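One structure coming up, written as structure tokens, with questions to follow.
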Amino acid sequence: KGDGAESAGIVTSDGESSQTFKVHKGMGLINHVFNADSLKKLYPSNLGIGHTRYSTSGISELQNCQPFVVETLHGKIAVAHNGELTNAIRLRRKLMRHGVGLSTSSDSELITQLLAFTPPLENDDTADWVARIKNLMKETPTSYSLLIMHKDIIYAVRDPYGNRPLCIGRLIPVGDMNGKGKDNTETEGWVVSSESCSFLSIGAEYYREVLPGEIVKISRHDVQTLDVVQRSEGDPSAFCIFEYVYFARPDSIFEGQMVYSVRRRCGQQLAIEAPVEADLVSTVPESATPAALGYAQKCGLPYVEVLCKNRYVGRTFIQPNMRLRQLGVAKKFGVLSDNFKGKRVVIIDDSIVRGNTISPIIKLLRESGAKEVHIRVASPPIRFPCYMGINIPTKEELIANRPEFYDLANYIGADSVVYLSVEGLVSSVQESIKERQKNNSTAQKSPGKIGHCTACLTGNYPVELEW
Amino acid sequence: KGDGAESAGIVTSDGESSQTFKVHKGMGLINHVFNADSLKKLYPSNLGIGHTRYSTSGISELQNCQPFVVETLHGKIAVAHNGELTNAIRLRRKLMRHGVGLSTSSDSELITQLLAFTPPLENDDTADWVARIKNLMKETPTSYSLLIMHKDIIYAVRDPYGNRPLCIGRLIPVGDMNGKGKDNTETEGWVVSSESCSFLSIGAEYYREVLPGEIVKISRHDVQTLDVVQRSEGDPSAFCIFEYVYFARPDSIFEGQMVYSVRRRCGQQLAIEAPVEADLVSTVPESATPAALGYAQKCGLPYVEVLCKNRYVGRTFIQPNMRLRQLGVAKKFGVLSDNFKGKRVVIIDDSIVRGNTISPIIKLLRESGAKEVHIRVASPPIRFPCYMGINIPTKEELIANRPEFYDLANYIGADSVVYLSVEGLVSSVQESIKERQKNNSTAQKSPGKIGHCTACLTGNYPVELEW
Amino acid sequence: KGDGAESAGIVTSDGESSQTFKVHKGMGLINHVFNADSLKKLYPSNLGIGHTRYSTSGISELQNCQPFVVETLHGKIAVAHNGELTNAIRLRRKLMRHGVGLSTSSDSELITQLLAFTPPLENDDTADWVARIKNLMKETPTSYSLLIMHKDIIYAVRDPYGNRPLCIGRLIPVGDMNGKGKDNTETEGWVVSSESCSFLSIGAEYYREVLPGEIVKISRHDVQTLDVVQRSEGDPSAFCIFEYVYFARPDSIFEGQMVYSVRRRCGQQLAIEAPVEADLVSTVPESATPAALGYAQKCGLPYVEVLCKNRYVGRTFIQPNMRLRQLGVAKKFGVLSDNFKGKRVVIIDDSIVRGNTISPIIKLLRESGAKEVHIRVASPPIRFPCYMGINIPTKEELIANRPEFYDLANYIGADSVVYLSVEGLVSSVQESIKERQKNNSTAQKSPGKIGHCTACLTGNYPVELEW
Amino acid sequence: KGDGAESAGIVTSDGESSQTFKVHKGMGLINHVFNADSLKKLYPSNLGIGHTRYSTSGISELQNCQPFVVETLHGKIAVAHNGELTNAIRLRRKLMRHGVGLSTSSDSELITQLLAFTPPLENDDTADWVARIKNLMKETPTSYSLLIMHKDIIYAVRDPYGNRPLCIGRLIPVGDMNGKGKDNTETEGWVVSSESCSFLSIGAEYYREVLPGEIVKISRHDVQTLDVVQRSEGDPSAFCIFEYVYFARPDSIFEGQMVYSVRRRCGQQLAIEAPVEADLVSTVPESATPAALGYAQKCGLPYVEVLCKNRYVGRTFIQPNMRLRQLGVAKKFGVLSDNFKGKRVVIIDDSIVRGNTISPIIKLLRESGAKEVHIRVASPPIRFPCYMGINIPTKEELIANRPEFYDLANYIGADSVVYLSVEGLVSSVQESIKERQKNNSTAQKSPGKIGHCTACLTGNYPVELEW
């Protein structure tokens, strides 16, 4: 359980010819895939695109080794893709019917071959890549955030529903980083990423999101909107609400708000929906801390730490007898029993997917002296599969679809357990977005009606699914 | 900096003959030294001792590969040692003068050979190991916590000054762990460790500390005090105060109190000694969190998170140009800027050793919108070397010994910086110990006057140093 | 020099559906690519194809990671390819003109997509793979040996010129291997390989070669010739003569003869062409031993060992100073000086490519007491590049194209040096083939006129090269 | 079977102070233990000693990690040891009785502590290491070859029986290696090794053997005999005869003769003792080739290769079914069947220890067409354990002690099998030594009567064994 199969890849271009694309891809953690040598091979370059996949604990996104590079009559193109096409099967058959063999099951190859294929090509001396991208977007509504590199240009594309995130950062000139002031308006270059939080660590600052349906052309000194493809009339946008709840790093910015702030609001909302008479509020370190602090503040209860992380866990292979096999949780956490002995404890968790993690923690707290243990979950229960790129456990594995769910507190050993409502989650997410819209903010504005994909919670998918 | 050279070792005995001691030692992280195969070779066994060394960030303890095993006329003995003998050089010369070659520079070999050597041996058919241990303790006052294994007995020994920690845990019968009640008084066995926090993860519970000077004999069903060797008259005990401040895990128990509680009291004391007009209290995740929560509570200021850890840091080898080399801190942390933009921030740190970590963090917070940044350090400045087993940077590296220290706030870019006083630290540590003593507690009582080793802060060493 | 970049791959099928093809590929030595786990994943299966590439010292074949698998409208096909298409560039453009993007520069992808592409496909419910293979063979004359797997069939194909080897082995039933007699006519299954020598090690026996142009269909119990595609009229076959000279293992069988026997005949022929007055014949261990034994026998001189291999050479990284850097050869071989002190030595080498290996050996022999050192090379000099799959050094690197070649004996420090003539090589190779043809052998007969590709020696390529 | 546990170590000195000894030791192949970094740490240095252990197939020498270094009152000494003390147990008890704990079971620690211990030491300001070495040699007669390093001197010592080899090489000045002539009498330095064959690969030439009982002092420019300790009166020397038969590399020189020449003479002697009517003589590659060439020449039969080595054997983990498990030998060798089909074959092997290797080879040759297979073994059967450093299989494992031995030809499937006689082996080894002695050679002369240790063949040990 944990850091399973992963992959990473980078493709760079010297900005002059796509024939000199340099590619390095591999399975495994990014630190294993790339080392000083493999990175050196990618230089010098003026632009490049990359891709990493890692499985977060419990719920992981689909895996495929990217970017995908093909040579076409008009040079090489490289494509990195985040998401999952809802009509992939139909599009695969279409390509194969034209005699194109597909070497992987990945959508990134499918998208790349669809871009290469668009007819008529016989006398098309200079391929119109933007036309090809628009053609692709007409063929498939969601879900994809794409980086497409060709020679000296990168196209950043987000599907019309905006299901997967994509944002642009601006490299800060070195002088500015040294604190010599920010009047310098010169731009060192541009970076594009699914998560804005990555910008800081490479010396860039958040610039703006790619809007749903937008095709952005990025060259060294310029970021330019080429087109914004509309979704079906009346459809609201459908950014994945689970990015806020679970996947994104707390310092990421989506739709103009920091994920951390959304999570704290979820905690506050949860305090309104499901208060409890208790002595202290705490959390399982460390992803639910913002929600716990929000809950504690709203309730007026003290926020206290009850567990500390055991840094030297290792691969827990040291299991030569039955005794040790029972100690799973105790190997991961230390118990700060003096902080809660004889107290009534509220534990805020960010989500309960299968229910097999929280149960031994509750037992551990009780054995260490907690008088009561109440569980509050800062998101609604997951009940439905995702077909847009998130690898959710099977329906049978989801605790919310199992009979135990009807007596959940008893099943996990808690004094009570309450989830945040879907409405509570949606309002926590949309509150400040709507406020900013009302304030007639001059900030960038997503086109059309704002909505969020809550399919895994409600079964309402943003587009009709095709098989 | 980071996870440098480490070593680990385990020696087990079948409890019948020391000739069958099984040894596995190696350099590297414990997970690399031990795998399923090497562990299997150590079984079956009735008792064993082990040792690991890891360098904690910045300050690390001295390294030596243990346990040390030698064959003597009376069978094998294995010795694991934590600490550093203050008169090691004299003792080494003494042994060598008798013709014993020493194969390492480690105190553990020295101690083992001293135990083996004690004359007269010619007609000593059954070696009196306890007499040998007492003889050793007469020859060297501090600092050592020892586990000595011979055949079917383990001796746990702590030097008369109690400088290094050592405590005993009791294995909980499997039935009890399953929640079938704790009336069962049967004991599954005993474990001894420097840090009590390790007990939970192996299914044991804290039983008691080995007292300063105590020689404890441990067999499968019995823990028995054989003797308590006294220190020089009038000398107080001298447990390392830096275990509380820095080394120990927060859930460890020393002298009857949880480290976490001491750290929170240090934060509270710091709030009394050095209050500041500010909007919020925070910390650099995550070792100073208890002090920060204590400070915030005492001041009545909100505790807020300003940084989040970047889990996928890696070995930061990705440094092909100057730009990236400037980004050290930004690679380790994400900035939760919405939480503190325009606010006056107090950052609680657990210690400032060299001063080169806090400086870029302050800069990062300011660039992200902090109006003021005040630093409060929950321990006094380190100024002196440790000769009792802690690897402290050289005097020249310690920020407190450098000219910059006289204008430290300016040097690190803070609006103000204040350290906890030595008196404040000592009272935070001793407060509840004294209270318990006053209450005539029936709990185990350390013999003689209570004191703590503050040598690295004050230069007052518990015993005279020999060269 | 040495064991450079390598790759290996296996694809297996359960023989029922191509959708369940199991693939494992990777860069590196086969032992690194495959382990017990990855092999287990490939089972159970009824048939499979694999591919390995390793660089032999000095001259290595082109590298590409195989087998290549694509999904088509009619199921998956997997293709393993040995060789290099002489008109690959034209075929690539043709495919790209139809909108197929090519993700690698390898011929195996090109061949796979060409097989997938063949129109008309719209209403072609059950693809006629044999027609597609024949179509492919019409498009490209050489050089390729192919294994094509689809569902429950493997097609083994050799190009009409027979440039690359391919042969079929028959798995011996386990009972037979135990020596219980060979009357049992049951067949356990079939294996196909470039080199027959691999059969023995997997419990198979040599069955027959795939003939030039032949398409063989292999299923569990049956080996069936589907067609034999003819080459351009009048063209002789063109099996790579360098397989005999250098690449193949001595126990491999090509065209009905063991490679070892051909090499010994080359040595005998060399003795006729270039005799020398000397005391003994020897070789550089160990690839030229058959030629040396042939030469010695023909001359009537004793065969004596002069060098022994140093088994513990390692990666010769131990080179901290100039002294050691001069010792290259001396690290690889020990000198059996007593065997040749004061004697005139003839050294038989299998080929001299760059000339930088033999020179220090000659010096070593002289310094160890050889009176004369004569070099005889059991193959003609390489002068031209190969475009059919063999990675030969650039023209500039080949000793035969450099000015030193005109005074080669002096340049390498030999008393004399003579190469085998091209005619001598060809007759050594063809002698027994022709004899068998004359004897009206009932064994399988290659269609058309027998010839061999000597392009690297003569510049005469078997087909016109396209760019 | 295979390359089991191994170890390697190097200790270097700057030639000024033993305090600066640099040590690098480790388990594993020398290429894993040492890399560029670990070697760099050993420089700069003026002298050093090293040690490696590797297990040769079937029979391997005892393992212990060396050199052993201890600090004494007079500085550090480092000791590398080859051999096994026949009275180790008594010497261990003696040391332990004086209170010295022994941390390993190795003789090298024992020897090192014995050197350190020698009393009286109290007022011995400058230790007389030569006196200590002579004292050691009086205490233990055999078997040991030692390198003892102290500050700027290395002592090379061979036990009075000369059981283990030890020889001195002279580093050739770089100029000489470049062929500028050998008039230069300057010496670059000295090297000492168990096997002379290693000299060539580091740019040194054979200088002379250390004589039985000799203590040689080696400094940068000087090799000086300090003393020659005599063995018990009348005892002949006892160099291990198995070094000639099995362990040593063929290009090594012992007692003035090349191992290769001895092995060829063994083959010739075997031809006299056990001729056979056959068509050809061959061998299992490659250690018995000299004996096979000797046998063939003496018999007048052609020497022919029947097997070739399979270079890509790998760890033979590919054993997913019963079929493949039967193929052991076929994975290691290719069969050159054309060379012996229908012929009567004599296979020369260097020794048959357990009998489980030759049996499947014979079967393989028969199945590939050999008409008869006769085995001739170029050494006598091993029947007794070695207590002088060679790790011989247990008595029960040795084929010569098992009932099958009485019908060995039948057991291994050969038409006949004959071993070389002990007398034949001894005369093959001593023939040229005695001839040189007769010729009143001016070369170095071993003191006393010449003999060889044949204990493993005859049970006659050179000294009485102590327990």
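Every chain is named by a letter (A, B, C and D) in the order it is written, and numbering of its residues begins at 1.
Convention: contacts are C-beta pairs under 8 Å (C-beta built on N, C-alpha and C of every residue); 3 or more make two chains touch, one makes a residue touch a chain.
Heads up on the chains, UniProt names are A, B, C, D = Amidophosphoribosyltransferase.
Being a predicted model, the structure only gives us computed values, none of them experimental.
A.B. asks: What's the farthest chain from subunit C if centres are computed as the mean of the Cα atoms?
C.D. replies: Here the answer is chain B, farthest from subunit C.
A.B. asks: Taking the mean of the CA coordinates per chain, how far is subunit A from subunit D in Å?
C.D. replies: Going by mean C-alpha positions, subunit A sits 63 Å from subunit D.
A.B. asks: Can you give the whole-Å distance between the Cα centres of subunit B and subunit D?
C.D. replies: 50
A.B. asks: Using the touch definition from the top, which residues of subunit D touch two or more other chains?
C.D. replies: none
A.B. asks: Touching pairs of chains, which are they?
C.D. replies: The list of touching pairs comes to A-B, A-C, B-D, C-D.
A.B. asks: What part of subunit A is in contact with subunit B in the complex they form?
C.D. replies: Of all residues in subunit A, those touching subunit B are 29-31, 34-36, 39-40, 43, 54, 171, 174, 177-179, 188, 197, 200-203, 249-251, 257-258, 260-261, 286, 289-290, 293, 297, 302-305, 308-310, 312, 314-315, 317-318, 320, 322-324, 326-327, 330-331, 334-339, 363, 367.
A.B. asks: Flag every residue of subunit B that touches subunit D in the complex, lowest number first.
C.D. replies: The touching residues are 68-73, 77, 92-93, 96-103, 105, 109, 112-113, 115-119, 121-122.
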